[in-house]
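Input: a single structure, listed below in structure tokens.
Note that the chains are named A, B, C and D in the order they appear, and that numbering of residues resets to 1 at the start of each chain.
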Amino acid sequence: MKTETVAMILAGGQGSRLGKLTKQIAKPAVPFGGNYRIIDFALSNCANSGFNDVAVVTQYQPLVLNRHVGNGSSWGLNRHNGGATILQPYSSVDGEKFFKGTAHAVYQNIDYINQKNPEYVVILSGDHIYKMDYEKMLDYHKKQGASLTVGVIPVPWEEASRFGVMNTDKTDRIIEFQEKPENPKSNLASMGIYIFTWARLKQYLSDSQSKSRHMDDFGHDVLPAYLRNSESIFAYSFEGYWKDVGTIESLWSANMEFIDPNHELNIRDRDWRVYSKNPNTTPQFLTETARVENSMITDGCYIAGEVNHSILSHNVKVGKNSVVKDSFIMPNAVIGENVTIEKAIVGEGARIYDDTELIGTEKEIAVVGYGEEVGGYSDEK
Amino acid sequence: MRNKIAPILNLVEFEDKLKPLTNRRPVASLPFACRYRLIDFPFSSLYNAEAESAALFISGSGHSLYDHIRSGSVWGLDSLVGGGVFTHSQVKLKSSRSGDTKHDPFYYEDHYNYVTKSKADYVVMMGSSLLSNIQIKSLMQFHNDKNSEVTVVYKKVLRSELIKDTVHSALILNNENSGAVEAVKDIATMDNGESLYLNMETMIIEKKTFLDYLQKARTDDMDINVDNFIQYTLEMERPIYGYEYTGYLKAIEDIKSYYDANMDMLDEDNFNALFYRADPVRTRSKNSAPTYYGETAVIENAQFANDCEIFGTVKNSLVFRKVTVGENAHIESSIIMQDSVIEEDTYLKHVILDKHVYVKKGARLEGTPDNPIVISKNGVVYAKGEIEKG
Amino acid sequence: MRNKIAPILNLVEFEDKLKPLTNRRPVASLPFACRYRLIDFPFSSLYNAEAESAALFISGSGHSLYDHIRSGSVWGLDSLVGGGVFTHSQVKLKSSRSGDTKHDPFYYEDHYNYVTKSKADYVVMMGSSLLSNIQIKSLMQFHNDKNSEVTVVYKKVLRSELIKDTVHSALILNNENSGAVEAVKDIATMDNGESLYLNMETMIIEKKTFLDYLQKARTDDMDINVDNFIQYTLEMERPIYGYEYTGYLKAIEDIKSYYDANMDMLDEDNFNALFYRADPVRTRSKNSAPTYYGETAVIENAQFANDCEIFGTVKNSLVFRKVTVGENAHIESSIIMQDSVIEEDTYLKHVILDKHVYVKKGARLEGTPDNPIVISKNGVVYAKGEIEKG
Amino acid sequence: MKTETVAMILAGGQGSRLGKLTKQIAKPAVPFGGNYRIIDFALSNCANSGFNDVAVVTQYQPLVLNRHVGNGSSWGLNRHNGGATILQPYSSVDGEKFFKGTAHAVYQNIDYINQKNPEYVVILSGDHIYKMDYEKMLDYHKKQGASLTVGVIPVPWEEASRFGVMNTDKTDRIIEFQEKPENPKSNLASMGIYIFTWARLKQYLSDSQSKSRHMDDFGHDVLPAYLRNSESIFAYSFEGYWKDVGTIESLWSANMEFIDPNHELNIRDRDWRVYSKNPNTTPQFLTETARVENSMITDGCYIAGEVNHSILSHNVKVGKNSVVKDSFIMPNAVIGENVTIEKAIVGEGARIYDDTELIGTEKEIAVVGYGEEVGGYSDEK
């Protein structure tokens, strides 16, 4: 069967602004929303958009990410010789192949794409929270006969200078690209989503290699080269919830928004589901002393304390007389008795011992790392 | 451990007293404890014993069971290499319980083929209606230590823990320490108040002994079940022992015992005994969102699965997936199965709602602990107490 | 393409004339062409149409079929996300063919639940006994181009290509170019020599129309099959078209047609038409070693699966997996199913050996092309012409 | 469930002595015996030995190898949270992690092993043809209370100087290791199979890292260090067929031996099967003009010519009046009409056009590379 589209999810970044949350795992593998990891949104979008061939390009601390993605079966991707494929650095007769940038990562994996021999390659990033029908964007790309279509989202004008913005003409053709401009001419920010007609992109990447030109990054190198050569580049406008969760504060606030049952993402929509790998665990057990209000709780939790406007991921334990408020607790964390947690993110498998206080502010969210222990005999780090 | 056991699940179980819950499903696929079905317990025992395959014998079409089991991958039974769940619908088997027809010859042949093709040394027989979490590895260890040919799992219970006309049987042991089995006896004939060794209908048996009995059973047109194996082994005077199980056990025999078993889970000791005592219990998990508890939710000692939205009061109850509970709904001592909707201003106490039941605004239902009200699948309950069957 | 079709496989097919090959298997799991079973062909059509699920309706226990299908992963039907093979054993359905019992109400409910839960726009109905390789994507394209509500696949054949008392039917078309269907007619009543449009019992139908008919069928206790859909659509005067299939087709109706279909594969044109014309045919492949051909092997126009050891002569024959052919064995115009052993100094011509048949040294069997000898599963053939049934 | 044993199959080598056969694929992924790839033997040994947790450590051209191995389901390994895991180079906060040697590759993947927390780690190489019950060797290791057990095989004395040989005392304890010695004191050659008690090995690898000592290779560094420290190291003697297929000639001769129906490997033994990933393909079709003698043929082949003492992998086509003799043909190769092939290895997907002769000798086997075209309009490379 001919493969029309290959999606490449670039999931290699360290996400260093997430501090200790990404010390041992890649950013796309960071938990989100109780039942998910960040990359689930991009993977589910692929599945819901009808893409079967999805490569996850990864190089930073990939163990958790790789096990999570597996063969893609959790997202229904393991069908028709397609499925999720993990692409990681490797060596060849040409030497070792680490990835120097987004476009370089694609070039280094050109063998994978050539085997699939697609018409189109969709470049996605693995670290945004959104629901998007890429098939509609692909239809647009085809209709325009574009060699490149860039996904853009309107941002408030006053924030536009924080983004790479696209200036378009009246037909939505991109005529200029400004990276974090002081005086933005447009408020259309790049989402880091590119649809390339593969034959053309392949030419650019291969030529650059033979001519020793740098074609490492899509934004810095490829897009300008396309513009210089008057390729037909179009902007495809996305309207809807889209959030980068690259910092502690944005990760926290995205989770807090997510609690709202009327959240724009509509997580319970059966027609556009967000899939994840589901752990094997027990039901949620709320004891006689539990008080749970305006919160999301996941299977495997055991709650004897109070939970208020928070998200508890699977297998979290909350002891008696403890209060968890305005917080996001990652899977398998254990919270003892008489603990107060407020405006915090607690990492996977962390242990908060009895009688501990962990209180952050909106400007400085309290963070407990992966497997970290707080209170009790251990020092608070 | 390499593949050493050939498990046979006898799922032709007594289901009449569990109607209407068993109208369209075998006992093995009865929902339990928010996320499970009864078959998950023997299957998880098999997983933890690293079994590679299982043969199932059921009556009827088995659709709901097959839909749950699928390839068996959740329980490690889908290996491309010698693995698989082999299903056999024994249409005639059930009527033969009443003795009026002969067994289909394939009944014996299917057992024979499964066991001989397997490279296992032992056959393990199990059912699903005696809810428990059995460690087969320990059973096998005991079996080998005793140089036993047949070892049957039992639990010490009181006669009163079983219903009056129970179909289960008790082991008569030589003495409790040795565990040697002397006889098997119908419990229905025993007096209340007696303590007894309940035959848990779970057995490990040497492959050769299994095949020996199979030949006799075929000749004499007998059922292949644990009771008959015990009788046979006793007759042949071969070594047969009982292995004591000390964990949580409940015989699911009628609506009340089914209801009680679920309610038992709200007791932490029982919950931990079943789910955390031995090895984990695995079930087919479905993609889901976390459960949302609104500002008006009041919860007290209750269990929930993912994917619910709760705005009312839920006490001493078990709530399955995708259930919505409206504001000012009051649910107490009840079991609410998946896809049910309980609208606002409703009152449910001692009630079992099967899947996809709709309780309309203002409706009230109140059963008793001994006689909970059961609403069948797809039923609708109106405010005036009218019930429309699904 | 996202999931657009809800396929229903009606595998309650006419099997009486295929005995003893169908003694313990439905027509759908008849072995074919060294490596396949008939079900592989409709399933591969579904795979190539990127279907995500399928509902199967069979009679009997279906064990051999389920064992072949397993999770459906070979055909992409095991997606955790909305996928699955849903099996329904319709015990009563078969007897109802003779009109003496009413349908089980679940018969209709199972169809209804499957189709309504699916997010598909169309229902596709197929069987397995009309061997072919149909491209559903092209069928759907045609269906949409015609703005049809029901489109039925047909092939132009001669009356003589079907057996005298065939159960199949023919379409009566308004004219061949438009493809509009005017009526459906039993072929058994038609004269030999006639050319006709064979109803291939494969149909695409709008979901709504399917559900409309389902309601009527439930009320009137009618079968859910292609013929009835055609009648219904004609009565309702809705657009219904025939879609011409031009590839390889064989109606597997009796032993001879089964034998001929296999023999057809030894003709390169037929082989290519079925296996290479459209999309690939997929089957569950088992782990195997290559086939070894010894120094004394003589092969002429024959097909083999892996895992055989061949030391004798094999001409114009099809040999399944794990078959051993001894020195000076002569096999001609025969079908040898898996696990069979043909010892040395034997002679087989116009023979069908079911699985695991043992042909002892010196044995000779010779049938005719019109009446091949069939040896049942596990049978043993001795030198003196004695046959011991398996 | 506790993991007793983790097996690490080191499959990262380039296998440069296989020339163009390993230009695009790693040596363990090279086809063998009609229906297999070289790594199938190690993987099947793991499965038959009852090991569920098998890591395949790879860095050279891993695309074909990774797709072949997948989650290990073809070998029945995907069970009980175990399964095959691909480990490839990655980056971390400590920098980029390429593998410098066998022991270094294990050290770089210490996170994976720690998660499994096994008693024993079994080190295997992915490029030998043999059937071996590792569980017996593990039982021996336990019985001896060894910290390291090395798999050895007796080789003819005159060849011993080509190997790393182990001198043992009467109790089979290894007292000396000689790497390719001029005057070998023993004929027990190392098979590159090590069973380590993990806690001890972990200590060695971690200590060396903190002390900047090199512990890159098991043979060169770890084994000598163990000997220096008087660790209890035992030799476990394997008797049976064992073949390194590291050169064109050894690959060819191993395949030629494999044809023999009485070959020691006994490929048809149902109690110790060699598993592989099976392609979806058609039956073998031998036409009226076919002549096949003393050969192994695989599903999907179409043969109209003559095949003598050869192995044809799946989907090979042999046209009329062509002769294939004493050769190993890899999958999907197409051989036209009037072709003569003798003492050759033909690579995957190669095309030999009509009227071509390809004749090697036992000393210099003719080789056609992966996808290479010979004869016809194309030049013979």
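The criterion applied here is as follows: contacts are C-beta pairs under 8 Å (C-beta built on N, C-alpha and C of every residue); 3 or more make two chains touch, one makes a residue touch a chain.
On a predicted model such as this, the values are computed, not experimentally measured, just so you know.
Across the assembly, the mean Cα position most removed from that of subunit A is the one of C.
Ranking A-B and A-C by contacting C-beta pairs places A-B first.
Put simply, the C-alpha centre of subunit A and that of subunit D have 38 angstrom between them. Centre to centre, using the average C-alpha position, subunit C and subunit D are separated by 41 Å.
One simple way to say how far apart two chains are is to compare their mean CA positions; for subunit A and subunit C this gives 46 Å. Shared interface positions of subunit C, i.e. residues touching 2 or more other chains, are given as 80-81, 287.
Annotation for subunit D: residues 74, 273, 275 touch two or more other chains. Those residues of subunit D that touch subunit C in the shared complex are 33-35, 74, 259, 261, 267-268, 273-276, 278-288, 290-299, 311-313. The touching residues of subunit B, counted against subunit A in their complex, run 33-35, 74, 268, 271, 275, 280-283, 285-295, 297, 299-307, 309, 318. Against subunit D, the residues of subunit A that register as touching in their complex are 14, 23-24, 58-63, 66-67, 70-71, 85-86, 88-93, 96, 98, 111-112, 115.
Across the interface of their complex, subunit B is touched by residues 1, 47, 50, 73-76, 78-80, 135, 271, 273, 275 of subunit D. Taken in their complex, subunit B has these residues touching subunit C: 24, 61-63, 66-67, 70-71, 73, 78, 80-81, 84, 86-91, 106, 110, 287.
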